[in-house]
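In what follows, chain A forms one complex with chain B and a second complex with chain C.
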Partner chain A sequence: MKTKVKLKKEGFDFFRFIFPMLLLYIIFFILPLLQTIGYSFTDYNGINPTVEWTGFNNYLAVFKDKLFLNSLLFTASSALLFMIFANTIGFVLALALNRKIKSKNILRAIIFCPFIFNNVTVGFIWQFILGRLMTDLYPLTGWEVFKIGWLSNEKLVLYSVVFVKLWQTMGYFMVIYLAGLQMLPQDPVEAAVIDGCSRLKMITHITLPLLKPTIFVCLFLAITETLNMYPLLMTLTNGGPGHASENISLYIYVEAFKSHRMGYAAAMSVILTILILMVAALQMRLTKEEN
Partner chain B sequence: MGERKNVNRMIGTLLWIFCFLMFLPMVFVIINAFKTFGEVVMDPLALPEEWNLNNFKEVMKTGNYVKVFLNTIYFAVLSGTIVLVLSSMAGYKLSRMDNRASKITMLVFMIAMMLPFPVIMIPLATVASKLNISNNLTLVSVLNAGFSCSLAVVMYTQTVRGIPKELDECAYIDGCNGYRFFFSVIFPLLKPMTGTLSVLYFIRYWNDLMLPMILISKKELYTIPLSQLSFYNQFTQNRWNLLLASGLMAIIPVVILYIFTQKTIISGIVAGAVKG
Partner chain C sequence: MKKKLITWIAATSLAVGLLTGCKAKEETKETQTNAETSAETNAEANAISDNDSEKENVSGETVELEFLFGDPNRTEIFSRIVEDFNQSQSEVHVTFNATGTNHLEELMTRLATNDVPDLTSQLQGYELASYVDAGYIKDIRNEPYLSYIRDTELDTVSIDGGVYGIPMDTQAWGVFYNKELFEQAGIKEVPKTVTQLKECVEKLNAAGITPFAGGYGTEWTIGQFLGYGASSILTPAAVELGDDYKKGNWSFDLPGIDMAFDVLDLVADNTQDRPFDTDVSGQYAIFAKGEAAMMLQGNWSILQIRELNPEISMGMYPLPISEDEEDLLYPKQYGFVINVLAATDEDPAKAEAINKFMEFFLNPENGGGYYYDEIGVPTANAEASPKLDEASEILQSYLEEEKTVFTYYAYEPAGFDAESWKVTVQYLNSGSKDHEQLIKDFDAAFDKYADALNK
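Coming up: the complex of A and B.
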């Protein structure tokens, strides 16, 4: 009897407290997500009301699409580059700031600051610096670095984009690593100091292994950050030159809203979702094994 | 010991140099935001001949900036309020219930934290135009709240775990009504988390480009990032003086907010990242 009453009360509470948020979330996130899957099997274009079922045609076309493969390659290489640099720089900065430095709070605040700038503005700033200002620095200094078209060269644009993204987000990785470092147990470190362990050895043998959970979080965040950098790409390079800096999210946007091939773009979204869920599952498993 | 102090001082100096180099571009951005277009074209490195606010005034006039500014605040504050009120309620009950239903609900809420926006963008645009949500800032805010609530739900659920359960039971015995109990007892206890989340969400919505971009096409409803982008697409040759001025105008409010709340922002972002 008692449990029944309790269950009834829980059901009522669920309805009153959780349901309002859940309902909005389902309508505006879960249903669209499912609908994306539905659209991916059609030739929906957002304008024509008659939508035809095309089966797996979109998926077959996606894998033959050179621009899709190009965007996938750009996404993967920028994610890899960004992952390496964001984590290394973030970790080194965190190590430095974890010491007893006088103005460390101000330094932390300054380095983190670009993270709160909006992407459009960051795009403006760096398109101006890399595309406009640099061309004037070359005759003044004669340095070859300034002669290169960092945003107009198809091969170099990848590095420029990752560089700008790093400028914007390295503070983010730094503060996460810093929090991780501050939560580390102090006993192993003290023991190592007593044993006369060298600084470098202490980092590779004690700090890094203990920091593994934070590292996993940061690796995964690096992937999400690169997938989400398309608003920045829009104002920095707009995917160019050509399609050299078009990442998969930007390509989906362009196909859906500029070329009006929504069914086709939906198929790409589904593939992207599957890829991300695979990475997330891998991350969760690695984290679980650690615990 | 003295050696260690010296090393720390050296690292401190290096970090200051690093910060200086990092913000050197901003110096040029600020300088050029005060120049005329001719001056930018001639020599982007030189100082402006005359320091005045003409560029900022022009952005305000052509971009209808006052309206745009108010739109952005309305959009950010309304979406934020909806998210905070509804997610605190949901988070409260989610942390109190310990059954399969609540666990599954939690997992469902967390899906959105992993996926990038393009994944749901196409149906969202379709649904919004069918339900007449497009070009209605209030409804767009409701939609925005619905799809961006994950972080708040997760963080509130974690926070409520620290509030003793006995408190609920007392109220239950006293026959206190559920909503009233929540808003007069629990919600005030969640104040620190509400503060953190409101700043985080405000910045996120203030900077959001994609959602307004696919749902708002009327110029009088533009938010700041949208109006910046339309400004950018308006000229074939980039008017750097105006673009940089508009960029500064977009980030100044957030930077001011950041100066006063940077500790809250940073600790909130770290907590959100680690839990997500």
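Coming up: the complex of A and C.
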């Protein structure tokens, strides 16, 4: 049984270790969050520090704003598409490279490589490829695929953005699934092999169920990745053509810094925070249930 | 004991590391000032003999100014002017910080964090009003250097009797054309009506020449059709409405706007393949290389086009949007404006240093006078007689005949410009040619940002 003195000492040690990061967290996250909530009830334009209280007007305006709903739709669509494809491709690549093949290490490195580029660099690379390069390749080859406006067609830009994000992150998801596969208990697998289980049934009835925790983690990581797509969208499409590839983060940035409607943007940020908290709460609940 | 000591060392190192980042900036400034002080000791004797320099050289220190510069088209030339100024004397040192296309965002951030530069650029019209209202921009109406600028050119930098910026050039927007390609197509005169413009396009097509270079990947290149191209319709209407306009009682459904949108459709239908995948630098390249005969752009592009092709024989004419030749006006504004921050008034040495810097390039006799010749466009400076680029000849004639109109941009509420570009791109992308819907979309965008007109 620990004495009071010992408990007090442990508590003090605990506080000593977490204090620096706690301080940073309060300064860079909590205080700005509180400040943002405050601004969301004002007409702050980002320039004049003198502001007027507007009550809930900003929040009411957000729900009537078609462009906000448009950005929410784009965010949800891109998140859903990315979630499905990133996890499917990551899992398939992990399965393929979890076997004993000679070149697996090189292949793993090549597939993971794009993940080391930051979003801005990836955006510029693919803007050049899908824009200027394809425009120049069409007259040389006559191939119709180079005539398609992958970034300039309103109907295609969502898929182009998801494709670029997949290119960047499929290695990341592959690595997570690889780790999951390598940590799986071998007993059920060996028992299945003895019972004459086919490869497909092995995957669907044994591998996937055992990988549930990894799948949960990857599903929510995929959502996080799409919410963090703002720098990629800025460089790849700038939200265009028109507002066709404008996600909620980009729309908030435009309203805050280009339209000088910081109070309004703050209201949208608060709404976004609440939506993210709901997703995080769902994740925690599902993970808890699974455990 | 050893473990405890290691713990404390690790925690202290982390905390010190955090503080080091904050301190580094101050130390750098200190280091620079100390180096300059010691370097300037020899110059002190000369400085003291000049009465005007008594204020800034009491301690022998060089006065530091920061110029937060936001015009990408003039970055190269102005960086040279600043370098020449710094080398020509030692009392004042100007640090030139070019911000590029995110200038206003950077300026906002700097002001919010109280890291205020001494000079900046680009603020005029409604954009300027927000900053003046917040007390950030200095009223320069009594400054000696303002005497260089014609009184008639101060519209977009004047607010309630005060003057808050120095307009440098007459920025105009219109149609660049390649004189050789026009000759090849048998076009002898620039079009002054919509019908003449259509005939011009037909002749170019018949000669196998792409009529227009488009760069819609950068939205403003075509988005400016509303803010500049339709100014002869929009600006007089906005001015006539007066206070009603500021209250947001406005619609883009005005006489003549339908024909203006017909011209927009004409341009979009006669552009190179995939204009939405071409950005502004691609547009400049297509025009400079002679792959298209015309380009809708502003005269700020002259420098870039000359860099790409110094030999191009080009002109620039106002875009006709009606059938009446007499109605044809050249849209203009003072795009490149220098603003002085009000914080500089707190230090008399800085205020004097700014006078010195302004005198260097506003007085064409001084070292920075080459600016006016290199830019090649008409200027707001009464003392300068710039050598105009051939592309500025038609603009100069319209200026002399007073056949110009101030751009509608100066009347747009903050935030509307970027939104109107997106509306224009979306309209062209849809291919619908539904002018009624386009007007509704512009009206909706205006209503969204109209509150800013009263701030």
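Everything that follows uses one rule, which is that the second predicted complex is superposed on the first by the 272 of 291 C-alpha atoms of A that agree within 3 Å, B and C clash if a C-alpha of one lies under 4 Å from a C-alpha of the other, contacts with A are read in each partner's own complex, and residues count from 1 in each chain.
Note that a contact is a pair of C-beta atoms (placed from the backbone, for glycine too) under 8 Å apart; a residue touches a chain by one contact, two chains touch by 3 or more.
All values derive from a computational prediction rather than experimental measurement.
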Clash or fit, chain B versus chain C on superposed chain A: clash
Touched partner set for A:R132, first chain B, second chain C, both or neither: both
Which of chain B and chain C A:H243 touches, first, second, both or neither: second
Chain touching more of chain A, residue-wise (chain B, chain C): B
First, second, both or neither for A:S152, with chain B first and chain C second: second
Which of chain B and chain C A:C113 touches, first, second, both or neither: first
First, second, both or neither for A:K258, with chain B first and chain C second: second
Partner chain(s) touched by A:N48 [first = chain B, second = chain C, both, neither]: second
Contacts of A:L97 with chain B and chain C, given as first, second, both or neither: first
First, second, both or neither for A:Q35, with chain B first and chain C second: first
Part of chain C, among the options 5-13, 59-67 or 293-301, whose backbone runs into chain B after overlay: 5-13
Contact residues common to both interfaces of chain A (with chain B and with chain C): 13, 16-17, 20, 24, 46, 132, 257
Touching residues (chain side chain C, partner chain A) in the complex: 7, 11, 14-15, 18, 104-105, 108, 111-112, 130-131, 133-134, 136, 216-217, 219, 273-274, 276-279, 282, 414-415, 418-419, 422-423, 425-426, 429-430, 448-449, 451-452, 455
List of chain B residues in touch with chain A within their complex: 8, 11-12, 14-16, 18-19, 22-23, 25-26, 28-29, 32, 43-45, 82, 86-87, 89-90, 92-94, 96-97, 99, 101-102, 105, 108-109, 111-112, 114-127, 142-143, 145-147, 149-150, 153, 178-179, 182, 203, 206-207, 209-210, 214, 224-225, 228-229, 232, 238, 240, 243-244, 246-248, 250-251, 254-255, 258, 262, 265-267, 269-270, 273-274
Of chain A, residues touching chain C in the complex: 13, 16-17, 19-20, 24, 43, 45-50, 65, 130-132, 134-135, 138, 147, 149, 151-154, 238-244, 254-255, 257-261
Touching residues (chain side chain A, partner chain B) in the complex: 10, 13-14, 16-18, 20-22, 24-25, 27-33, 35-36, 39, 46, 93, 96-97, 99-104, 107-121, 124-129, 132-133, 136-137, 140, 167, 172, 175-176, 179, 214, 217, 221, 224, 227-228, 230-231, 234-235, 249, 252-253, 256-257, 262, 265-266, 269, 272-273, 276-277, 280
